[in-house]
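Taking it in order: structure first as structure tokens, then the write-up.
The letters A, B, C, D, E and F name the chains in turn, as written, and every chain counts its residues from 1.
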């Protein structure tokens, strides 16, 4: 009869496979002090694995990213296009506690109210005139129209938005004190979830009748 | 003529006063490793000062809080009452990285969708049956009806809610990995801000017409 | 002769197996800012692995835990029963910086003096009257009898205890600002270690003769 | 009649005085990333204030400390002398996340079992032969006799001790990953507290009769 | 005779004055999780005090900064102009863990090799062609010519530089995962210190003769 | 025909192997609060893997290190020998936020100007007279001759050096508030990089002519 110590036995191979597969997304924390100079993230596309490329294989291009040079697609109902540079798109950022994104806004375009669960956001307008605002925990709205080279800071986790209030296209870059701050877009997190949040619950929350909730839900695919 | 070095001169007294007054709210970070065993917060009511009571004056009651024993007032449109225990109400929590709150829910009562900018939330139902849910960054809704003694965890910064789905009153306690996680109640942060967020901006964000936005704003005092 | 590149060769399978097995307990730090919304811990029972369940496989029950609904067994010399909810029992807590435990105390029951190496503890009494106390670094004892709904905070790393001083059973829940604060029970850490601490060393430390130490050691299995 | 705005009025002076006095112990966290190159702690002796000396007044001696060159007094029941170098004795350490101490041990001398609530400890023996040990959360004792230049690491918050097992005097230095790790000496934190922990509670915790507890308490001044 | 409790006595006024003056620069850490939504830094110019503006006095402009819109002065030996946006210039950044700077480079202009003691740096070229490089702890040089909209990441604490290799002016913005990362410009930190580092020490460090060191020192004002 | 689900198929074995191999260097952060008592680092030599030895296999020797007892080789142009005790040489330090090194200095020996990207450094002289200095961000040099048992603190990330100014050999130990602070030796990071930094860039940075740069580069192997 076969010994369980036989490395060719299905039992061992399954164990090996399962353990290896489970390794992929490692919940390491890189925003505090890193433990090495850098750690180029290596993982199959779409996974958030947090393992390092072998130092001997690291090249200058690992620290370089040109993904923000292209204009984002604003051909949508918000007239807004988001292009991200987190450790997912830019593996060299891994463990370094910082990330960036580019927001293209068509005239009148809007990056709708949203929050970042894990980061403050520093906004710089590169082109156009953009209304940037956030809401404090006391529900006070702080907002300002920022133009080329002007900055606006959004504290960690608060609701904020950017709207193109100028005549032409606008370009905004935003930077975060986290390599993966996350995004919670209010309209989708409230009315576009899968499955949908109970409509009576939403009606009570927003003090509206079922009809309004039904239309809000349908606006976001529910 | 009076010397500027005269400690009785108005100049010196003003300087002293101004500097002293400026000290009150110190933005210290206490969620990481503290630098002393404890630091009982001392400050005028309503301020978020982060200074310590002299160790010699500290007594056992400084570490004790009975503010969560009283039922919260649920006589409001949400049928929900929130009672907090952060370092503001419970100064002994200062620098210790933890806070708690009690939520009373009338039958059908709702703690409307909200986020905490600076903390994860562990929910424990003390009484009744409560639907607890949160929405991930991928807009997936995770929800569960929890009963006496059952727990539900809400990751940092994500939209979540609690609704009493039982017949009688419900009591929930929530704990945070921060002494002051903050609260962003979605309906108020979107439609109840001071000043109001531009109604056209909101209409575009939620894909509704001006009438709906106007009623939503008026529901929350705008 | 077989090539070493043959993936079926024992050499490769051993390597694979060893590497995979070594992965299990990854010492990630999750108390600071996480790098993803959540990370459901996946690992063989009894291991403290810190790897994530694939997002597509995550369900609502991963964020739910009913292990604290059952009364702990107080049929022991301390009349105390501890039931934990850390990331080991409740994988959904992984990376979220918070944990909870339930302590059942028979009349006169005692949770003996202990420390948590990696967390502050917020105590809430759910039932009965419980004497809760801790000792500061200056050896000052702060203690209080807490009742239903009352809170007592124990600063990080300090010696503390809970004793049922009421007539009936008592129930206490404790929460931590760490997903795995650890436990150092003083009587066991001093007299119940494997191997035992040198008895002359203990005699000197507690200023007692060898007989007393011998009995103390035997009380805790040495 | 005197105006309340008169800076010479007792009201203003009292306010000024109270606010200024309240400032002294500020619970700042300096173990994470500091916000300036350095911050020489300035405060009345014995206080743990965390304010900075003006940069213009900082001199090289602020970064220098010779307090560990003197032999500690081992003329006590433990035959041990502790000399500390935390931000209290060495203000230049403030905000830099590190501290040191020197332990002198007479032949047979013992630094009794203790924990540090906020730091790991790296032990280096400078002279003699010293038994260094710690107890894990699983109550496993790890111990080793270390000699000149040898290191032993004690994980954060665990019970540990150092005992001179050589013929002559021993000198040990210990370093911490915190500028103020704190100290909880087990014998004193259990039996030498002010006020004393209830003797029946201690008897139950250590499974001994009242007589033994009474003698243990009296050994430590109770 | 005057009572020491007389608040008008010089003793009390001196005490008040000294304590108040000592308060100014509080070494709080704001890069980790803040303890409030925001904390607008208030302090006399040139000081790094970390106290908050009263919430009631906070206005939208506190979160806005236009200091990076102006071209920096490149009329110097390096052909480089640095304009910073840290919590010193932009008080709204205080406690939010992020900072930015603008570097203007004349044709051939150079931001000489330097390190940031407390932050990683994400570089974005806004105009021109810029050679950006850093050196790892293994002394490997990673460098790349970046153009408009392209990014290059510099890990925390490593030596790096930016040089305009294009025909016209270049503009670079850099962002940090700290509100005050600090700057250590290598040429000045080595040869331009006050007082100068001992010339024999420098000669030995760089393996050159005294003449070369003397000229290097004189190049930087020594 | 073979099914892809056959665990013996090359496809599965390759996948398993690749994933397992990718795991090795995990960029975990251990300087903050650890999530277990300890984690003995296990990994093939030369890798910076951050995985834990199985608790059952951990022995006292895992917490012990004698690598600093041997004199470092000072037979080099600097007359300095560095012996490190980080988690690479001393796996027991892993996740515990502290590291140490021994520096041996021949008479006149120099540890040339360098920075540590991720840690403050506390210096203790064990033997001899050593000039220890660092340069602040304002380019102020703070230095002091320290002798046996005397301490000097170097703030995080600043340029510093140690030089033997005594008659005989000197021994220094340095401790860090990070298990892997990194080292950036200025002369090598500027003139000894692979590939070399552009010589015209260096000439401009140090305001010297090409000849001087050429000799500096050649002094460090370029």
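The rule we apply is simple: a residue touches a chain if its C-beta (ideal position, glycine included) is under 8 Å from a C-beta of that chain, and two chains touch if they have at least 3 such contacts.
For clarity, every value in this text was computed on a predicted model and none was experimentally measured.
A.B. asks: In terms of residue numbering, is the interface formed by subunit C and subunit D classified as same (over half shared) or different (under half shared)?
C.D. replies: Copies use mostly the same positions to touch.
A.B. asks: Between B-C and A-C, which chain pair shares more contacting C-beta pairs?
C.D. replies: Most contacts of the two pairs: B-C.
A.B. asks: Using CA atom averages as chain centres, what separation in Å is found between subunit A and subunit B?
C.D. replies: Those two chain centres are 25 Å apart.
A.B. asks: Provide the C-alpha centroid distance between subunit B and subunit D, rounded to the nearest whole angstrom.
C.D. replies: That pair's centroid distance is 34 Å.
A.B. asks: Just curious, how far off is subunit F from subunit B if you go by their C-alpha centres, in Å?
C.D. replies: Centres of subunit B and subunit F (C-alpha means) sit 43 Å apart.
A.B. asks: Among all residues of subunit D, which ones touch two or more of the remaining chains?
C.D. replies: Counting only residues that touch two or more other chains, subunit D contributes 8, 13, 16, 19-20, 23-24, 26, 28-34, 37, 50, 55, 117-118, 133, 137, 155-156, 158, 178, 182.
A.B. asks: In the complex of these two chains, what residues of subunit A are touching subunit E?
C.D. replies: 31-34, 37-38, 55, 58-66, 68-69, 85, 90, 92-93, 96-98, 100, 102, 120, 122, 124, 126, 133-134, 136-138, 142-144, 146-156, 158, 173, 175-178
A.B. asks: Which residues of subunit C touch subunit D once you look at their complex with the stated criterion?
C.D. replies: 77-78, 108, 110, 112-113, 115-118, 131, 133, 135, 137, 139-141, 155-159, 161, 163, 182-198, 201-202, 204-208, 212, 215-216, 219-220
A.B. asks: Spell out the part of subunit F that touches subunit C in their complex, as residue ranges.
C.D. replies: Residues 8, 10, 13-14, 16-17, 20-21, 23-24, 26, 28-37, 39, 42-43, 49-52, 54-55, 94-95 of subunit F touch subunit C in their complex.
A.B. asks: Looking at the complex, which residues from subunit A come into contact with subunit C?
C.D. replies: For this pair, the touching residues of subunit A are 7-8, 12-13, 15-16, 19-20, 22-32, 48, 50, 87, 117-119, 178-180, 182.
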